[in-house]
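Pasting the structures here.
Presented sequentially are two complexes of subunit A, the first with subunit B as partner and the second with subunit C.
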Partner chain A sequence: MMTNPGNRITQGQFSFLPELTDAQITAQIKWALKHGWAVSVEYTDDPHPRNTYWEMFGMPMFDLKDPAGILLEINSCRKSFPNHYIRVMAFNSTRGGESPAMSFLVNRPKAEPGFTLVRQETEGRQMRYTVHSYATDKPESERY
Partner chain B sequence: MSPNAHDAPVDLEAELEASEVQEVLEKLDRELIGLKPVKTRIREIAALLLVDRLREKVGLTSETPTLHMCFAGNPGTGKTTVAMRMGEILKRLGYVREGHLVTVTRDDLVGQYIGHTAPKTREIIKKAMGGVLFIDEAYYLYKPENERDYGQEAIEILLQAMENHRDDLVVILAGYKDRMDRFFQSNPGMRSRIAHHVEFPDYSSDELMAIAKLMLAGQNYRFSADAEKAFAEYIPLRMRLAQFANARSIRNALDRARLRQANRLFAGRRKAITKTDLMTIEAEDVLASRVFREGHPDGTPP
Partner chain C sequence: MSKTETMQEGKERYKSGVIPYKKMGYWEPGYKPKDTDVIALFRITPQPGVDSEEAAAAVAGESSTATWTVVWTDRLTACELYRAKAYRVDAVPNTGPGTSTEQQYFAYIAYDLDLFEEGSIANLTASIIGNVFGFKAVKALRLEDMRIPVAYLKTFQGPATGIVVERERLDKFGRPLLGATTKPKLGLSGRNYGRVVYEALKGGLDFVKDDENINSQPFMHWRDRFLYCMEAVNKASAATGEVKGHYLNVTAGTMEKMYERADFAKSLGAPIVMIDLVIGYTAIQSMAAWARRNDVILHLHRAGNSTYSRQKNHGMNFRVICKWMRMAGVDHIHAGTVVGKLEGDPLMIKGFYDVLRETHNPMSLENGLFFEQDWASLNKVMPVASGGIHAGQMHQLIHYLGEDVVLQFGGGTIGHPMGIQAGATANRVALEAMILARNEGRDYLREGPRILENAAKTCSPLKAALETWKDISFNYESTDTADFVPTATVSA
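Showing the complex of A and B:
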């Protein structure tokens, strides 16, 4: 895509910004903890924007007071999956809310091949469009 | 830095003021009776951290001191109370970020099957980060009679965290003196990683009396003059009995006195009751204790 050199995927918060440093991640997590949200770390190698099934890295961390513990998990996830997408989620468990309140990427593969536009011709010369990630042509865990 | 800069005065007083630590130390003095060695050590630690901060300001770097501690003392000597304060003090001094206290025992750290201990211990460590991890009766972690006990695994993970996350975590171990000594003998790695071994002495009967008054005042009660005399007699009697747990025994005795006071007011309810009546513990409320008659405390089997 012309507007997105390097094909960086843009999902969640801050994804149009340069990579967050650890200090910036810590500050964001501190914000989440201040609101009493449970923070968890997730990873995937399927970058499709509608892929909601990311793998959990360990359990969601409830009752934490300080971001250091979460940064520890992020770093051990980066070590296990250096070439995957890793995101940090903050879950708001208040009744009526019960949904993610924050979600941002903290790790991405070194090379992101990006997406292709797939055209499908249907009845009466109608066109259907969808996106398809080049990476997902390969089987899982060989994608990046 | 010019040579003269070495002689430029640094403002210790202002730094002390800014940290508000003086306030916490004074509160400690006011609310904790006795415990001389403990208070001295806390003052020393506070001074060290303050000086370190000053040194940092003038560009003298040094490694952050390790502040892992061991509190050894008999039951009821205020180990948990001091640990709670420790979090606050260290926060004011900027040594920890949050200053909360996570209290755990063996059950919270050690798992029940293979592979259960490590994640459990790590989760607790994560919870305690930025604050103080208080491990009560730490010697139960190590059971020499069972070599397959998972406690050893928890100790190893703790040691690792104490070493690698010195900036994030302060670990305080607590327990009875003799058992703590044995624990450290069999875990030399633990001993060497703990810089501060603080001993909690038993209270004298005068100190216990002062503690009793402080406890009552905290609950908006007070002794009548006679009751105070009776309680002063009660303390040495109770101290001689088995299962004496210092301040904790005093608290239990006061709770029972409150019970009797309520009963007394209830029994004589035809009389008008004033606010003073509601606040005052009379001599008869104290003297009714079985310690005086039978020589063992209420609530325990003879």
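Showing the complex of A and C:
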């Protein structure tokens, strides 16, 4: 178990709030669609803070403008990967952006073991730090 | 007015002696600035007896080719090109007879691109804010704004990282970033200092920051600070699963020392380092190049700017510093809070933020932007709001400052009655609750206090924060506001 204030990984926009309901997720999707952003769903069993490329649950939904349809995709991902981390992202493709504009978690494993900090003493007082996920000691598909 | 009425030609022009600047060719009312011209807008208070056009011509002259007397050697040059041209003078509204302020003028001056060395803020500023500010013919002088041509911008690196890539590196999107400055700013040992950093980051902040004057003093030498802070950063990162950072201030007495400190920070895996504005424009550009080369974000603390940016009649407006710093290549700059303890009129601050964050600024006199400005794909700078802000103002902060900003709650984190971690959590919960509400389409500015109270029901640290700072606000008149008449049909 993690010992930070929420006892969990705090990536994404809303990790310090209670889990979002489907109605709340829908409201966020509407915000994204209002701005013309493409919503996408990604999942992983390797939540290292610098693991950029989570698995894509299908392509970004560039042409889907129906919040209910997008929520269906999210729930289908949750069904397929009930014990993974799942995030919803919104991509802004306009000039000067061309980058994610939103990212928030909508699913977590039941137990979140978190990370250990591996310290390797090097020259003088210097330290090499490695943030290591306990879960990734196991092979993929057996982690959570 | 035709050109011949203002300027003398040929032999008469170059007769030894002193002639008015207007007659030397620095006043050219019909001039249409070229797309490649640098344009500066000065607020001029002429000496008694000096007319506004002569004062503007004098400023154009002294900031470009002129000296106090005629020199024949001008005739060896394409001097008409190299002369800056004052081409327009407007009386500043609400100054002059019948007001409490002496008559002031806005003077528009155009400079040919060839007057400036490529990629050098030092060279640009040596002309524009060089000798001319001590010039006797003007009683006071203030550089209000500049239009930098795309051709010149393209010779600058611009922000080493920029908002977009910074967010991608941090993996943080769709909300302001949260920071705090370690307090007390002076006196803590390295070990104690790192404790503050760890608690604040673990509690929910993204960044902690050195203060401007923490360098390498007897109570804490720089290497000690760097080692303990990076222990804190990495430990907090492991505790939360988030990328965290601490702005390690590498400001020092020489470039060599700054490079040494920055290299050490990088070797420890620091994602960000910081410098102070007082190190100077060239040092800032050097550090921006270093930051680009080493994949490190560069934070700039604007220490010193108020010595010349705060008074309305003399010095320079902060928006010009914002423009120069975007060119020089910093990634973060403190640019005001609107609601906090430091100077800042909301409309003016919007102007600063727009200069830092937009790809293109339309002319907007109410925000103090006198010129249209295309940023030529230079990266965007992340503004930092710091000084006397707390969680209870979250709705106002998001309303005024938007999403691409670092909100820094120093006292508002470390001064929390339940401790630093609780202070950080309070800020993070307040922020996330407000962003959630905003995205849901709620009128969060009006409902802000209720949204926070609601979030506090499941977060005792937020409840305590709201209680502690409920009556704190800083309502003073701004000293720096826009001077414009809303009906004026001014075009640059």
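Here is the rule we go by: the second predicted complex is superposed on the first by the 137 of 144 C-alpha atoms of A that agree within 3 Å, B and C clash if a C-alpha of one lies under 4 Å from a C-alpha of the other, contacts with A are read in each partner's own complex, and residues count from 1 in each chain.
Criterion: a contact is a pair of C-beta atoms (placed from the backbone, for glycine too) under 8 Å apart; a residue touches a chain by one contact, two chains touch by 3 or more.
None of the values given here were measured: they were computed from a predicted structure.
Annotation: superposed three-chain arrangement on subunit A; subunit B versus subunit C shows no clash, the two fitting side by side. By the touch criterion stated above, A:134 is placed in contact with neither subunit B nor subunit C. Comparing subunit B with subunit C, the partner in contact with more residues of subunit A is C. In the superposed model, A:69 lies in contact with subunit B only, and not with subunit C. Of the two partner chains placed around the shared chain by superposition, subunit C is the only one that A:18 touches, whereas subunit B remains out of contact.
Using the contact criterion defined above for the overlaid structures, shared-chain residue A:61 touches subunit B, although it does not reach subunit C. Contact with subunit C, but none with subunit B, is seen for A:95 once the two complexes are overlaid on the shared chain.
Of all Cα pairs spanning subunit B and subunit C in the superposition, the closest are 16 Å apart. Note for the complex: subunit C touches subunit A at residues 164, 167-168, 171-175, 202-204, 223, 227, 230-231, 234-235, 237-243, 267-269, 358-359, 380, 421, 425, 428-429, 432-433, 435-436, 439-441, 455, 458-459.
The touching residues of subunit B, when paired with subunit A in their complex, are 97-98, 100, 119, 123, 125-127, 129-131, 165, 168. Interface residues of subunit A facing subunit B in the complex, by the touch rule stated above, are 58-59, 61, 63-70, 72-73. Residue ranges on subunit A touching subunit C, taken from their complex, read 2-5, 9-11, 13-18, 24, 27-28, 30-31, 47-50, 52, 89-90, 95-104, 114-117, 125-129, 131-132.
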